[in-house]
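Both of the next two complexes hold chain A, though its partner changes from chain B to chain C.
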Partner chain A sequence: MEGAMRSDAKVRGESGTESSPRGPGCSLRHFACEQNLLSRPDGSASFLQGDTSVLAGVYGPAEVKVSKEIFNKATLEVILRPKIGLPGVAEKSRERLIRNTCEAVVLGTLHPRTSITVVLQVISDAGSLLACCLNAACMALVDAGVPMRALFCGVTCALDSDGTLMLDPTAKQEKEARAVLTFALDSVERKLLMSTTKGLYSDAELQQCLAAAQAASQHVFRFYRESLQRRYSKS
Partner chain B sequence: MAEAAAVVAESLAGGRARAARTVLDQVVLPGEELLLPEQEDADGPGGAGERPLRLNAGARARVRVVCGPGLRRCGDRLLVTKCGRLRHKEPGGGSGGGVYWVDSQQKRYVPVKGDHVIGIVTAKSGDIFKVDVGGSEPASLSYLAFEGATKRNRPNVQVGDLIYGQFVVANKDMEPEMVCIDSCGRANGMGVIGQDGLLFKVTLGLIRKLLAPDCEILQELGKLYPLEIVFGMNGRIWVKAKTIQQTLILANILEACEHMTADQRKQIFSRLAES
Partner chain C sequence: MAAGFKTVEPLEYYRRFLKENCRPDGRELGEFRTTTVNIGSISTADGSALVKLGNTTVICGIKAEFAAPPTDAPDKGYVVPNVDLPPLCSSRFRSGPPGEEAQVASQFIADVIENSQIIQKEDLCISPGKLAWVLYCDLICLDYDGNILDACTFALLAALKNVQLPEVTISEETALAEVNLKKKSFLNIRTHPVATSFAVFDDTLLIVDPTGEEEHLATGTLTVVMDEEGKLCCLHKPGGSGLTGAKLQDCMSRAVTRHKEVKKLMDEVVKSMKPK
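And now, the complex of A and B:
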């Protein structure tokens, strides 16, 4: 009996998938994802991009306080906890960006007067944190069975002083870059859902970064598909 | 330039809808669009088959297809909203195009009319009980919705009791309401669940698997120990056997069923039957 219990834990742990490391065609770092790893939330996922790792848990559709309820759609809340210290203004700003992206994609009108809460915990931060948070949030929402009109992913670009574009920059590359741009793209037509940028860049460079991000998002969506197919093939 | 063109081509390829028939039993992702059968015929090579001439070019007679959980109607196509395997069931009576739905794995229950669920009574206010069914709101249960209940003869229900009932009202806009009688006024197994026993939670997919008509797990469990068991579609199972140890063993087996293959299960049953 105990033997069976232990092997169950191993089977659950193996439900993650990994992608190939930075190859010549795709300059994203190695990524890995694992779903359904927490027992209490309705959905959970852990997303790893290079050395950046974020754990996400989703609760919902659940009860909502009367002061926060919206009569015709679900109230979406995002809580982002940094690795060390108390959450500050930077976390609040990232929470708002992630919430706006999720609200664009989640079919909140199917669950009015309920709350959908996404809790994100930063395990390690080695660059492209917001993109990793977006990916983890998307995988966790899918795991929880929240109805969505599309999947979404986050991609970060960095422009350094000579104008070279780097996708999925590390912390060192982000610090030395002249501009860092993060985009959230949807899976149906690679449309832009959210963009946040920091630094100095020209109009043409913005378009270039967006095109590169859209090309890179294909790899992320292909990885999502493989990951979910592997999960459902086990049952 | 080449990269931009490639991006455009890929995005178009991703956006093209596939016929629902070709995707049956495969994993579908949120955002995919599925074409229903007769639309596909109309889009195919024109003029090959005999089709009656229509006066209005746009409208076509459509077979009525029922859109189940995980799918939404989007224009004249089906939009997938949850990740899972696409399933189809042929219509029994011959009319309509059958039902399409997505088989997804979920833990959180959303009340559906007609579902039989196990609830826990959390409050008694006036003429109704508030019952926690695991959804976003507690369901309401009137004291008259029990077999043989009248205004003078109230049912013996306390806070904390387990109730097995079905939903009569369950939609996104209203508070869910449940009853413990069927449409003829008989209890039919519903009502307060007795003393002792153990209530535990499993995923919704496991409940559907256990309640499928050809499930051997229940029969094997019955051969192991005599037991009483109640399945709620909200992921709750109540089980009672002669001793507490047997009850706990049964609960552990049911929880583990999700991850075990049939062989592992048979091994465990044979080991328990011996001891």
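And now, the complex of A and C:
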């Protein structure tokens, strides 16, 4: 039954050329998503943002090792594999960020003593990698049918030396920026679920970036909704 | 009777205190535990500091060694932090390779060093392309009672202020390094990043400096690292319940006051230090 439903919801996303109230040059790159492309995991998704691409697979709710089981909720595990090399300390740190974000939205109490595993494989990295991982994880969790209280999305902002804000920076823009901030926002109230930052910035700039990210997340959530609508309307 | 209630319903027990705007150990919601710092206690290390935040104890030892600078940055040295959470500090850690918590903490400290530019890596270079200092910063937790990130950041800062590097010259004839142990100088610490951690309860309440039990019951954590000009080096929020922009503002203002407290403590300690 899984095999027959291989029809990919290959949807080309809105290319997000609307600029946010900040000014010119703040637009999201072209993004695309494909769901249910792997046969073994319960849910899978591939998320593309410009040239950055991440493939996510979700197994769960499934059997859990007795040492890891939690009596009243599901145990969430995230595995992030880099494109080249063995996973290191930086991957562990990102896994923790993604895992805690998923734990905040997944209704683990509906599946106690089970495990939900999210496996992320980086296919290509051209900037905004963590945000792409978060988006892929969210789409994969939806594809697997894991109950969630909200959807979440990742948005990256970069601040360059004269304070200009750039959303969804490319690898080159990230390198030249003074600060790079990645946020995970939830779909219900646009609250800040996760944040990780690099570089120095002021408090006012943080609020500015957060507001811009909240505006940009609207596009991403609208894209999620459209791609899911298209997928389920076919069947 | 209260102990029984605490074991059976720890969250309810805690909520009773939060309703009165205080915590089981008598602190206010925005109050830090007593912070003590002791520097220069390890004589075999080039710099050391012991920080106690209530019961949480972290010791930082810094050793300086020689290394060849990286080929893509021949005028830079290295700063290598490592956070170790041994089984000694808490029953939840086992011996063996570093667990996830230790790795996340090490990555956090590496990010703070990188982002805040606490030391210019160029200052650690002795001879471009040939010789540079590498500072191995080992942070070991001796007692884990929550808020490990704040304690580690403070210990690192105090230890770096304590480091004295001997003068090194490259002799012309032999092209070998000559170390003059009699002439030592302190490192040039450019900024003073201070971390302030918060725990989020029930999606709304923010408490400062959580203990081990509070961290376990919390629905989310947030760590803000600020330097003296009010610039943020790191906003580390690894998931957990959502926060609005307004709540973040409150955290920032608390972080600013905490920075002042810590800076005052640091200055007192540095003044009382006798030069070697």
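The definition used in the following text is that the second predicted complex is superposed on the first by the 209 of 235 C-alpha atoms of A that agree within 3 Å, B and C clash if a C-alpha of one lies under 4 Å from a C-alpha of the other, contacts with A are read in each partner's own complex, and residues count from 1 in each chain.
By definition in this document, a contact is a pair of C-beta atoms (placed from the backbone, for glycine too) under 8 Å apart; a residue touches a chain by one contact, two chains touch by 3 or more.
Everything quoted here is computed from the prediction, not taken from an experiment.
After superposition on chain A, the partners chain B and chain C are seen to fit next to each other with no clash. In the superposed model, A:Leu200 lies in contact with chain C only, and not with chain B.
By the touch criterion defined above, A:Lys92 lies against chain C but remains apart from chain B after alignment on the C-alpha atoms of chain A.
In the superposition on chain A, A:Gly145 makes contact with chain B only, while chain C stays out of contact range. Shared-chain residue A:Gln49: touches no atom of chain B or chain C.
After overlaying the two complexes on the shared chain, residue contacts for A:Glu63 are found with chain B alone; chain C is out of touch.
Comparing chain C and chain B on the residues of chain A they touch gives the larger count to B. Of the two partner chains placed by superposition, chain B and chain C are both touched by A:Asp186.
When both complexes are overlaid on chain A, the residue A:Ala104 reaches chain C alone and has no touch with chain B. When the two complexes are overlaid on their common chain A, residue A:Ala211 makes contact with chain B and with chain C alike.
Overlay on chain A (Cα): least separation between chain B and chain C is 12 Å.
The contact surfaces that chain B and chain C form on chain A in the two complexes overlap at residues 186, 189, 211. Taken in their complex, chain B has these residues touching chain A: 3-4, 6-7, 10-11, 14-15, 27, 29-31, 70, 72, 79, 81-85, 104-108, 110, 135-137, 172-173, 205, 249, 252, 256, 259-260, 264, 267-268, 271-272. Considering their complex, residues 89-90, 92-93, 95-104, 181, 184-186, 189, 191-203, 206-207, 210-211 of chain A touch chain C.
The touching residues of chain A, counted against chain B in their complex, run 1, 4-5, 7-8, 11-12, 36, 42-43, 60-64, 107, 110-115, 142, 144-145, 147-151, 186-190, 211-212, 214-215, 218, 221, 224-225, 228-229, 232-233, 235. Of all residues in chain C, those touching chain A in their complex are 100, 103-104, 106-108, 111, 114-117, 219-220, 227, 230-245, 248-249, 252.
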